[in-house]
Amino acid sequence: MYEKGVRMVDISEKKDVYRECIAEGYIKLKKETINIIKEGKAKKGDVLKVAQVAGIMAVKKTFELIPMCHPIPITGVNVEFEIFEDKIKATCKVKTTYKTGVEMEALTGVSVALLTIWDMVKSYEKLDNYKETRIYDIKVVEKIKKD
Amino acid sequence: MYEKGVRMVDISEKKDVYRECIAEGYIKLKKETINIIKEGKAKKGDVLKVAQVAGIMAVKKTFELIPMCHPIPITGVNVEFEIFEDKIKATCKVKTTYKTGVEMEALTGVSVALLTIWDMVKSYEKLDNYKETRIYDIKVVEKIKKD
Amino acid sequence: MYEKGVRMVDISEKKDVYRECIAEGYIKLKKETINIIKEGKAKKGDVLKVAQVAGIMAVKKTFELIPMCHPIPITGVNVEFEIFEDKIKATCKVKTTYKTGVEMEALTGVSVALLTIWDMVKSYEKLDNYKETRIYDIKVVEKIKKD
Amino acid sequence: MYEKGVRMVDISEKKDVYRECIAEGYIKLKKETINIIKEGKAKKGDVLKVAQVAGIMAVKKTFELIPMCHPIPITGVNVEFEIFEDKIKATCKVKTTYKTGVEMEALTGVSVALLTIWDMVKSYEKLDNYKETRIYDIKVVEKIKKD
Amino acid sequence: MYEKGVRMVDISEKKDVYRECIAEGYIKLKKETINIIKEGKAKKGDVLKVAQVAGIMAVKKTFELIPMCHPIPITGVNVEFEIFEDKIKATCKVKTTYKTGVEMEALTGVSVALLTIWDMVKSYEKLDNYKETRIYDIKVVEKIKKD
Amino acid sequence: MYEKGVRMVDISEKKDVYRECIAEGYIKLKKETINIIKEGKAKKGDVLKVAQVAGIMAVKKTFELIPMCHPIPITGVNVEFEIFEDKIKATCKVKTTYKTGVEMEALTGVSVALLTIWDMVKSYEKLDNYKETRIYDIKVVEKIKKD
């Protein structure tokens, strides 16, 4: 009996090409929580600064988290936020010159940035048991590949 | 000039209490991709098995990913999936007996499980540039705390 | 007094060359345990699927585990199993195009895959205190280097 | 359709108990390589010192490597070596006071210590393509559990 | 021949006790660099916010970095900065209730916070080849142990 | 409202160039501690061997510790020590052929090597509450860049 199963796709033959990917996603929060963030009054500290650092660091950890992802020499990362009335949008742009794309890296950056926002405001959102808190609409918005 | 900023909340005084948290979330995929998963024909291998292992391992990495999370002695983790026509639901249950809850751990388990599904079926979804692929509705569905 | 001691070998002058390495190894298990694995009845879940994912992920962690190993841009990994009456053989193939070979990566992949099998069937093997369980004959079976 | 699959076993109900485990294993090397190690002439530096540190550090990383292992508060680790004519024996003892045993930790410590020896003497063993180099007989030699 | 060498000290018999440690250290920078930091004009972004997050995260990684350190259930971390005319002081306070102290954790938090400041202002300090940039006077300033 | 904040500098356009950096630093210890180290009598084991391995491994972890550092293909690392009457000097040389320099890697290697020395002799230095123990004068001593 013989088991094949999963494998990390062989990219040995691919060429090093400049690649870029932008992903985005949202976290829905209570209006009061949004105000606390805007006014910089969250007890655990500056919510978006921490989320930004966490997102950038997570991009570099993608290959450890997603089992079949290749280790990739990341050459640039941006994580930015836009604050709305009852939600925050996180955007993550990742760059590399390598044999495979960086979609998973950008998506992971967005996910961890949003999870970190949740963690930073947990005490305000958990009063009603996170009834409305959620992370949603994480997607790829742009992919660039330049030969 | 003096900078205070963020801190990891002090839980030294809290008691060790049994705690459990269930989180869930979804990934929207093309119907054809869902069929490929169901029939076990994905080129990279068994999608949900890999996603399940990735989700469980990510729970143990939460304290490394989310900057202000405490390291927590996790005592049990389940990650499960339900497959629908054009989406997959991931559920993650985490248990501990410790001074703080495991919401962030359960949410991280769900997020990484869903990101892994995306990675495993990337080649099918990227044909139309991930136009409809997205991760959504990640939330806490149950929290238990027993003194 | 002056201490020199160990160092990470300098490979700066070496050229990027396609390299491949296959390693293999065995775990000896009780026949009943082998049957439980084959029938997919292990309480902790699908033994070989988990071991496969673990082996692939470990390949990417080699440079963190083996102190003098260089970080290497891995371009492909396979971990496969062959089941015998009272043992399982794990094979790990690793590919890269880089300045140094991937023997340690392939050997680490095999080792962690076998350790994971052990962990997954611990409850069956520990009844007689692991009297016969052992991991053995981990070796390099092929090395390719193409200029 | 519903996927259950693997899980990290729930140890929430178990009591904190003193536990200890000793594992051992061997690496077969050429006699000349053994002499180089004994005389401290290996080009990469002191083989067994590096292997010892690597083994101890690997014990602390077990929960990251073996997917279903629990994070465990390790309270003591020893890694020791015995040098024979054409082989080296590594022994790893791990201690904890926790809800589950440390077999996997001791086995992982042994495995990584042996892999590190291999890495440190690679240049001597690869001359004949690692024809005889192998890691073998990794097993649990003692388990203690004190209430 | 038998090798003993290093070991991770056995703390199995020790009691869980509340412990706290404060460490501090300095980085010397050019006055112009200090002004850039104060005015929030550093090109890479908010220097001290990033250094603070890095220091807190490093505390949790101490057991991975310092080979003989035990994994410790950290219950609280603060990293703070005081800005002087030509230097910045970093202070790190770490808390736990465990069998061993947290000096190494506090010292590691300070070190990584200071290294991160260096990295964030590298472009200003490297103009004269880091002639005056240095990290100094990292020490323990307080240790508390309450039975 | 829009948050930009920190980013990982974009090095996509930079060329792969051979780069080398040497950093150094000191730890001040009691004369008796220095003697214990020299005579190889430290209870936890060979202080400098462990510190050397820790420093080399830390170089490879720099991108995980310093948030905005790029992952870099390190091609060589040396960590060495010089022992004085009441202090030890650590020197770390790092090499790469890549788009950005390795100052942070060399500085991190020095820092972790010195922290490890501290950890290894903690029991001798803590008698007077680390009154004189300190890490100081960590700096870059040479940077080479060859086109």
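So that you can tell them apart, the chains are marked A, B, C, D, E and F in the order they are listed, and the count of residues begins at 1 in each.
Please note the rule applied: a contact is a pair of C-beta atoms (placed from the backbone, for glycine too) under 8 Å apart; a residue touches a chain by one contact, two chains touch by 3 or more.
In this text, all values refer to a predicted model and were calculated from it rather than measured experimentally.
Visitor: Once you count every C-beta pair in contact for both, which comes out on top, B-E or A-E?
Guide: Top pair by contacting C-beta pairs is B-E.
Visitor: Between chain D and chain F, what is the gap in Å from one C-alpha centre to the other?
Guide: Roughly 27 Å separates the two chain centres.
Visitor: Give, as an integer number of Å, the spacing between the C-alpha centres of chain C and chain A.
Guide: 30
Visitor: What residues in chain D touch two or more of the other chains?
Guide: Chain D, residues with two or more chain partners: 4-7, 9, 46, 49-50, 53-54, 57, 61, 64, 67-68, 71, 73.
Visitor: Quick one: do these chains touch in a line, a ring, a star, all-to-all (complete), or other?
Guide: Per interface graph, the chains form some other shape.
Visitor: Which chain pairs here would you call touching?
Guide: Pairwise, the chains that meet the contact rule are A-B, A-C, A-E, A-F, B-C, B-D, B-E, C-D, C-F, D-E, D-F, E-F.
Visitor: Touching residues of chain F toward chain D in the complex: what are they?
Guide: Contacts found on chain F: 46, 49-50, 53-54, 57.
Visitor: Where on chain A does chain F make contact in their complex?
Guide: Listed in rising order, the residues of chain A that touch chain F are 18, 38, 48-49, 52-53, 56-57, 59-61, 71, 73-83, 95-97.
Visitor: For a test of understanding, state which residues of chain E touch chain F in their complex under the given definition.
Guide: So the residues of chain E in touch with chain F come to 4-7, 9, 25, 43-46, 49-50, 53-54, 57-58, 61, 64-69, 103-104, 107-108, 111-112, 115-116, 118-120, 122, 126, 129-130, 133-140, 143.
Visitor: In the complex of these two chains, what residues of chain C are touching chain F?
Guide: Its residues touching chain F are 1-12, 63-64, 67-68, 70-71, 73, 98-99.
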